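Going in written order, the chains are labelled A, B, C and D, and every chain counts its residues from 1.
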Amino acid sequence: MSYHIEVTVNGERHAADVEARLPLVYFLRETLGLTGTHIGCDTTTCGACTVIVDGKPVKSCTMFAVQADGCRVETVEGLATESGLHPLQQAFWDNHGLQCGYCTPGMLMAAKALLSRNPSPSEAEIRQAISGNICRCTGYQNIVKAIQQAAEELAGTAASSAAGA
Amino acid sequence: MTTEAPRAPASCLGQAIKRKEDPRFIQGRGRYLDDISLPGMLHMAIVRSPYAHARIVSIDKQTALDTPGVVAVITGEDLEKLGLHWMPTIAGDNQMVLATGKVLFQYQEVVAVVASSRGAAYDGAAAVEVEYEALPVLSDAKRAMDPDAPLLRDDRDQKTNHIWHWESGNAEATADALVKAEVVVRQDMYFPRCHASPLETCGCVADMDKATGRLTLYVTSQAPHVYRTVIALVAKLPEHMIRVVSPDIGGGFGAKVGIYPGYVVAVVASIVTGHPVKWVETRTEHLTSTAFARDYHMTAEIGATKDGRVQALRVHTLADHGAFDSQANPSKWPAGLFNICTGSYDFANAFVDVDAVYTNKPPGGISYRCSFRVTEAAYLIERAMDVLAQELKMDPAELRRKNFVAPEQFPYTTPLGWTYDSGNYRATFEKALAQIGYDSLRREQAGRRARGDLMGIGISTFTEIVGAGPNAQFDILGLKMFDSAEVRVHPTGKAVARFGVRHQGQGHETTFAQIVANELGLSPADVLVEQGDTDTAPYGLGTYGSRSTPVAGGAAALCARRIREKAKKIAAHLLECGEHDLEWTEGKFRVAGVPERSVTMQDCAFAAYTNPPPGLEPGLEATFYYDPPNFTFPFGTYVAVVDIDPGTGEVKVRRFLAIDDCGVVINPMIVEGQVHGGLTEGFAIAFMQEIPYDTEGNCLATNFTEYLVPTAAETPHWETDRTVTPSPHHPIGAKGVGESPNVGSPAAFVNAVVDALAHLGVRHIDMPLTRDKIWNVLRQHGVDGA
Amino acid sequence: MRIQMSGVEHVSVAPEQAFAFVTDPNRVGRCMPDLDELQVSDSRHFVAVVKVGVGPVRGRLKIEAEMKTDDARLGDLDLTAKGSGMGSGMVLTSHMHIEPTGGGGAELQWSAETSVSGPLASVGGRLLEGQAKKKTQAMFDAIRQALQANGAPAGS
Amino acid sequence: MITAPFEYAAPKSLKEALALLRGGGSDRKVLAGGQSLIPMMRFRLAAPSMLIDITRIPELGVFEEEDGYLRIGAIITHGQMECSPMIKDRYPLLFTTASVVADPIVRQRGTLCGALVHADPAGDWGAALIAARAEVVISSQSGERRMPVDEFLVDTFTTALTEDEVLKEVRVPVPSARTGGNYQKIERKVGDFATAGVAACVTVDDKGAIAQVGIGLCAAGPISRRAVSAERRLMGNTLDDAAIAAAGAQAAAEAEPVADTRGPVDYKRDMFRVLTIRALRATRTIVEGRR
């Protein structure tokens, strides 16, 4: 039995008929071809599949696509714009915040969710906020550095746009 | 958008150039195995044994075949008809592909189900009914040789669980020296079974094109060429009709070197069904059946003088190889490079032996972020040195100072036969002690102890051996352990460089571009590095054991120099002078004494295709197969400072300083990143990561809720620095670094924790240093807290 | 994982009655908790399918049991069972000895060792022991009730 | 891994949800955050025939103080608890609990009520709500019933809910000015099930004597439990070191942990002593701050 869903992904509206048991992550990867979101475990532990659903970070292996009916989903593919990389992407690149790159999309989305809730987190707050995401390569230190740089960058642009307003 | 790597000056070695591979990864545009989807592709799921040792009574596939979407159900008996139910392992043993007769470890592959969708494949797998008759289980290696132990491998001629015995060094001289020694310490230590467990599990897409008869295997492989050759031999397919493509890899750490049953079954399934077949492990499958690491039961004995000069080292090891001997080691080295275990110290005598046995546990024995059993060796000697220091009531720093191999002794040959290329252990060590403030930490510790606080300082001054290896002695299945590079310079002076190795996050697309660019006077931005496609890349043995930079990095430099030699002829032609009049400086050919008369590599490249000198073959490209003259021997000093909560036994790592010496550094940013990552895995192994088995052979760490991988919250902040002692024989003096931190750090952590408890008489605690173990030690010694 | 259990149950029927009951597959088989189906092959062998249901965890276990008695040792019963289901396996070995007690009652002294393999042990190990103990207790409660019901109370 | 097939429904009202549940038998499951249920379904240890998604039912989103109780609706997530200024300021026990449940991403979807219904013996909320003397509101087509959390939590994965009932909300008594609380948890790493956890909630009178006390133990047996004798030991006393130490010893004696990969029984038992002492000390600091 299949269910009709309509989901807005990175601002684009998608309609599909899906099996109830289709995890959101496979809907994104295989139905929509957005393979930037990865899968690393069976137990909702690793966070490689982290996306943002209606503003909240979610492990998309532990949510069914039917549950996302009518939701706004943001994935790593939606971060960069015409004007360039998202400050988080740029900061991960600048600070060597990735190696094999497999956890990176989930990390970026977890970090984005953190900064939208807490624009100037401490190192401890950053480490807590990404503690639902596993990285096997970097030892996290450069990821933390990257998130700090992005936070400053975003604060700066926010300030200037506020000043501009 | 700005995704082009910034240009670097002509001499770009040692520059922290941002990684060229990153733009695709940060935008979700990497192409990993599971991202590959081919038309008509089927999915495969594997039914596994719940028992660690059992006879297979019957297999009923009918219900599975009746399950909607299921296309095929393959058993060991089906493979037997093709002669593919067993396959040879790298270690010269045989391994079941799908079980026939009996199963030898829990979660062993028994039946494969191929279906039109992932869900249907799992539905089919759940519907397969297998009846087992449980057999007595052997899950403790120490019992393997007992007369009453069950015989696991009745398929072998030798009716024993003993696989092989290996030894190195002079047994008599060492025994004699130990008898004569003023002080002898002896310590048993277990390096627990653990697992590399990269974030991306293993998987493949097998695509047999019936029309062309060509097999394309997309697979998570650190060694694609070796896969191609082995598959040609195992599946009896012509090698030129096999293409192995290793796409972006989500971490390997040694787990993606071996060839796993799932790959073979997927190939068979594609041949049988005529469709591409994808198999991707679940995390549970990865942890329970993909190659493990370590599992060494070691005993170390050191003989020394009263004033702390080491004289002899004797090591006996019992190696648990699981149900099949499928460890990835050079053919003639069953225990890998374990006899590097004299470490950084000047031992006159040493002897090592290793006995390997079968148990009802998964096969493996890979080099998990290390070079062939070097982690076990480094842990053993660094732990044993602390035990000796304790026995002598000597500061472990002082003991090390007394026993380092001295700079003037290099090249230094160990009693176990290795010749270290270069090192300056004392200098690196003193730099580390000064940087962490060792003496004041010791004073602080004394003060805290008086107040009942538990603080410890642990040192590890390890020496590694990487870059396998000199072809005279090192091969895998007969394939010599060289590696290769092929560089093509296009007319406009842009280059493509291809390699036989395959990176998994180490940054080769950047560092190898830096090496080639540096030799050719180009910008790294103008050098495209390609790896992983056996149709285009030159033959190579792959990326593991920190061999990429020592071997393939050497090939890169020498290949580029070969091109430069040819370019020099072209330059002479362009500058209308003799080759001997030319010098190569700042990335240009200049006429000696007339520096303003010069041509660039771009000029030479253009001429190579448009205006080659008469008689000279047009074009500008070269291939180089590099047989390293020796290993390289990176080293370092690590210092850990810990505080222990007397109430809960929790250990807090207050500080950790890592000073590495990996010779000439190509990209300091990447070296630092490698060190951070390796230290974090060392931290995990020391404190939480283990795969235990119960007496029934049940795996007790089948997923990430029990196989504990640290998060950012547990991981300490790392302090890193370097010294530089170039390798005298490596073309650019580099040594390799990816694994040093994982090799050197476990001992530093354990030494620190034991040091914090030493005043209670504690001499050793086996990893992982879990809270309950430490609590137990504390309570036994009357330490209480809340 | 290995689970060891033992206990002593008192019933107010004669030892012979109790022994006859626990060695009768038809009767003792029906005392298994959450029994789905029971096939008795002969006087000493039966196959039972039981439901497993702990919160969201649902499944079925197929259990093949064999009883051994020895006329020389009247009152002693060895029961071994092999279970499979939910991708897992289970092997049980148990012994029971029945002693007369004062007032015509009987005492069932039993011990059992169960080893569990597969996901149930690997994933559910944390919770398994408690559940196994409950099911066993439930089984003996059922046996006691059945005996009280059909066996004449002692003394009368 | 992919779950077995199932049907899915997302009712817009509790009435609708209860109707769907009724007659569905044990094979229909209510789905809120799904952060415990879905992993079990992936392993096919759980295979419900239908999931009834209650997250689109507005009335279950209640999260407010009303006549002496904090009402926490069935779809309130751990994350909402953690991020609520009201919880941070006035409910230190709930706040310290919310911030250590699972991991920060799971907390955004997992719900307090869902975790309570899951009734995992190592679940943090059971212990915390027992200590806070919370009660549950259960809803079915035949009406509503209330009971203390203690009675609601029956056994491992087992609650007082019948198959056609839904846990509608949890009600926590609004703490008085002189109430403090704290949750202490040992976990091997973020996201691990608790090795041991202790929740304490204490109200003192104007003289500093303990007027009401709740101590809940997590991973101390088949289901979260109340440390009755530890509470008895404290009632009427002041929160001094001697009383706290004695309460710790009592709690340890009452705990019935099982050995697993997190450690042997004696270790875990001692952790209940240590954590009880630490939870009570932290609580004392808060209470003293408020007096």
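As a working rule, a residue touches a chain if its C-beta (ideal position, glycine included) is under 8 Å from a C-beta of that chain, and two chains touch if they have at least 3 such contacts.
All values derive from a computational prediction rather than experimental measurement.
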Completion exercise
When A-B and C-D are ranked by contacting C-beta pairs, first comes A-B
Practice task
Average the C-alpha coordinates of each chain, average all protein C-alpha coordinates together, and give the chain whose average is closest to the overall one.
Solution key: B
Exercise for the section: Go ahead and note the Å separation of the Cα centroids belonging to chain A and chain B. Expected result: 30
Exercise for the section: Calculate how many whole Å lie between the centre of chain C and the centre of chain D, each centre taken as the average of the chain's C-alpha atoms. Expected result: 36
Handout entry: Computed distance of Cα centres, chain C from chain A, in Å
Key = 53
Practice task
Just give me the whole-number Å value for how far the CA centre of chain A lies from that of chain D.
Solution key: 29
Problem - Multi-partner residues of chain A (at least 2 other chains) - result: 19, 21, 42-43, 45, 128, 130-133
Fill in the blank from the handout: Shared-interface residues of chain C (touching two or more other chains) are 87, 119, 123, 125
Handout entry: Two or more partner chains touched - positions in chain B
Key = 118-119, 126, 282, 284, 700, 703, 705-706, 709, 711, 713
Handout entry: Inter-chain touch pairs (all)
Key = A-B, A-D, B-C, B-D, C-D
Handout entry: chain A partner contacts - residues on chain B that touch it in the complex
Key = 1-3, 18-19, 21-32, 34-35, 37, 118-119, 197-201, 248-253, 282-284, 504-507, 669-670, 672-674, 676-681, 703-705, 709, 711-713, 715, 717-718
Completion exercise
Per the touch rule above, chain D residues touching chain A in the complex are 1-8, 10, 31, 34-35, 38-39, 42-43, 51, 53, 55, 79, 83, 102-106, 108-109, 190-191
Fill in the blank from the handout: Residue positions on chain C within touch of chain D in the complex are 53-59, 86-87, 119-120, 123-127, 129-131, 134
Practice task
Could you please specify the touching residues of chain C with respect to chain B in the complex?
Solution key: 1-2, 82, 84, 87-89, 91, 115-119, 121-123, 125
Completion exercise
Note: in the complex, chain A contacts chain B through residues 19, 21-22, 26, 29-30, 34-43, 45-46, 48, 75-77, 79-80, 82-85, 89, 92-94, 96, 98-105, 108, 126-128, 130-144
